[in-house]
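The two complexes that follow have chain A in common; it is paired with chain B in the first and with chain C in the second.
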Partner chain A sequence: MSAGTLAKPAMRGLLGKRLRFHLAVAFTLSLAAAAGFKFSVTEPRKQAYAEFYKNYDAMKEFEAMREAGVFQSVRPKGQ
Partner chain B sequence: MTSYRMIASRALSLVGRRAISTSVCLRGHGVAKVEDYALPAYFDRRESPLPDATFVKHLSSEQLALKEKEKGSWAQMTEAEKLALYRISFNKSFAEMNMGTQEWKSVVAGVFFFIGLTGFVVMWQRTFVYGDVPPTFTEEWIAAQTQRMLDMRMNPVEGFSNKWDYENKEWKK
Partner chain C sequence: MAHPSQLGFQDAASPVMEELLHFHDHTLMIVFLISTLVLYIIVAMVSTKLTNKYVLDSQEIEIVWTVLPAVILILIALPSLRILYLMDEINDPHLTIKAMGHQWYWSYEYTDYEDLGFDSYMIPTQDLAPGQFRLLEADHRMVVPMESPIRVLVSAEDVLHSWAVPALGIKMDAVPGRLNQTAFITSRPGVYYGQCSEICGANHSFMPIVVEAVPLEHFENWSSLMLEES
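Let's turn to the complex of A and B:
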């Protein structure tokens, strides 16, 4: 009836094989996502904050904001 | 018990005995007729390979002869005969059944069309239904608003005020 016999297909361990494969893939992708986020978002953000506060003069900024008239507790120096 | 019979006979006489008895005769003395949809049906389904019925229900004379030949040795049957037997039992092969259609193109086309139509509806609404936008959207208001946001140093590290050059009083390049 058939031209030649086919190989017997895998009958057992199908779920285990799939899980092993997909577990490895999932771990790798998750680690890659976390590493990517760390080096593209958190490290630049930490740098930006460090740069901002390196030469930050709070009193100077306060006086500038006061002159602009955004505070309710202190008016600009002229008034 | 007797009260039931009395009510039943009263009901029967109201409906008319002749009408009921004729329909009973047509169906053969009260035996229910089985409609086609209630019988085991043929289906092409990947998850159930063997349907409840064969595809061809009324065999022609050649097909009957073939069925007789099937009872003998299969090695003496030709490929064409075996294929004919298959096609008696099944409508589509697995390959034919699983074949994709071009339907998705129509679906995508319909989706785009109705999105476009909705665009027209929205444009009409904007012109003829909605009133004016609040004064907070005027140029002067937005300018004053932006100046105030810069004055109070909103998001000075990475955000809004970070993009403004306070020395030169212009946006950073």
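Let's turn to the complex of A and C:
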């Protein structure tokens, strides 16, 4: 080979190479999307429900709703 | 209850609905996973001029795209079946109420101890008080004791109806000549709305369901009052 000639470019397996690369990216991205949804929606929702019920006082909430006139079967205390 | 521009479910007011919420999140996560994968692959496939005309088969990829969906389906089925069996557990209800569908109202019968029954008609829009909800309010609500297991027997007197309360995770068809059973526990006091969920004629959209969960003492006072009035 004389000095100055270019290396022979890859002429085969181009689609395969592209597929291998993009398939790996596709799987990574989809797992990232799932993880993103899990940690931005699923886990916060579970936490929110756990927090809500941790110190939930049903009677206190009922009395507040009663005073607000929400119920039909129970009127506010003054009425 | 539902609010404008709502995208997801209503806040859960029963343990079963909480389970359904979390199951939906789990399944939606899988949906996003698959959709992202497929969309990315589609874009990658259409955005190249490279071709291969000589692929005939590939055992490896066939195995992958058979086993992976099977695994995903199992990951969906297991929590789903868990909730299904949870809903069917014997729960020793404290109270049984019959909800009968009519054209176009619901009637409720509390016959465990006395013979209490009443009809529940939608409050027409022109008769609503300020703060009440259009097409959702009823003149007589189905009052239940909070945090107690309740059994509801659903049937109909004429055509098909369906008794549904989304916040409690309940929907049960009301079929004439058939008694369908469902059960629920309210996790907290409050008022929960639903609407008839099976087309039943002209006023199908105008026969709402309202469940009011109050402490037992107030439930007993209410039922005594209702018995006196009837």
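Things to note:
FYI, the second predicted complex is superposed on the first by the 67 of 79 C-alpha atoms of A that agree within 3 Å, B and C clash if a C-alpha of one lies under 4 Å from a C-alpha of the other, contacts with A are read in each partner's own complex, and residues count from 1 in each chain.
Basically, a contact is a pair of C-beta atoms (placed from the backbone, for glycine too) under 8 Å apart; a residue touches a chain by one contact, two chains touch by 3 or more.
Small disclaimer: the values here were computed from a predicted structure and weren't measured.
On the superposed chain A, the two partners chain B and chain C both fit, without a clash. In the superposed pair of complexes, A:33 makes contact with chain C only, with no contact to chain B. Touch criterion met: A:18 reaches chain C, while chain B stays clear of it.
Looking at the superposed arrangement, the partner reaching more residues of chain A, out of chain B and chain C, is C.
When the two structures are aligned on the shared chain, A:65 is found in touch with chain B and with chain C.
Contact with chain C, but none with chain B, is seen for A:41 once the two complexes are overlaid on the shared chain.
Superposed on chain A, the gap between chain B and chain C at their nearest CA atoms measures out to 7 angstrom in whole units. Overlap of the chain B and chain C contact sets on chain A: residues 45, 49, 61, 65, 70. Considering their complex, residues 1, 45, 48-49, 52, 61, 64-65, 68-70 of chain A touch chain B.
Listed in rising order, the residues of chain A touching chain C in the complex are 14-16, 18-19, 22-23, 25-27, 29-31, 33-34, 37-38, 41-42, 45-46, 49, 53, 56, 58-59, 61-62, 65, 70-74. Contact residues of chain B toward chain A in the complex are 74-75, 82, 148, 151-153, 156-158, 166. Only residues 12, 18, 21-22, 25-26, 28-30, 32-34, 36-37, 40-41, 44, 48, 50-52, 140-141, 143, 146-147, 187-191, 212, 214-215, 218-219, 221-222 of chain C touch chain A when the two sit together in their complex.
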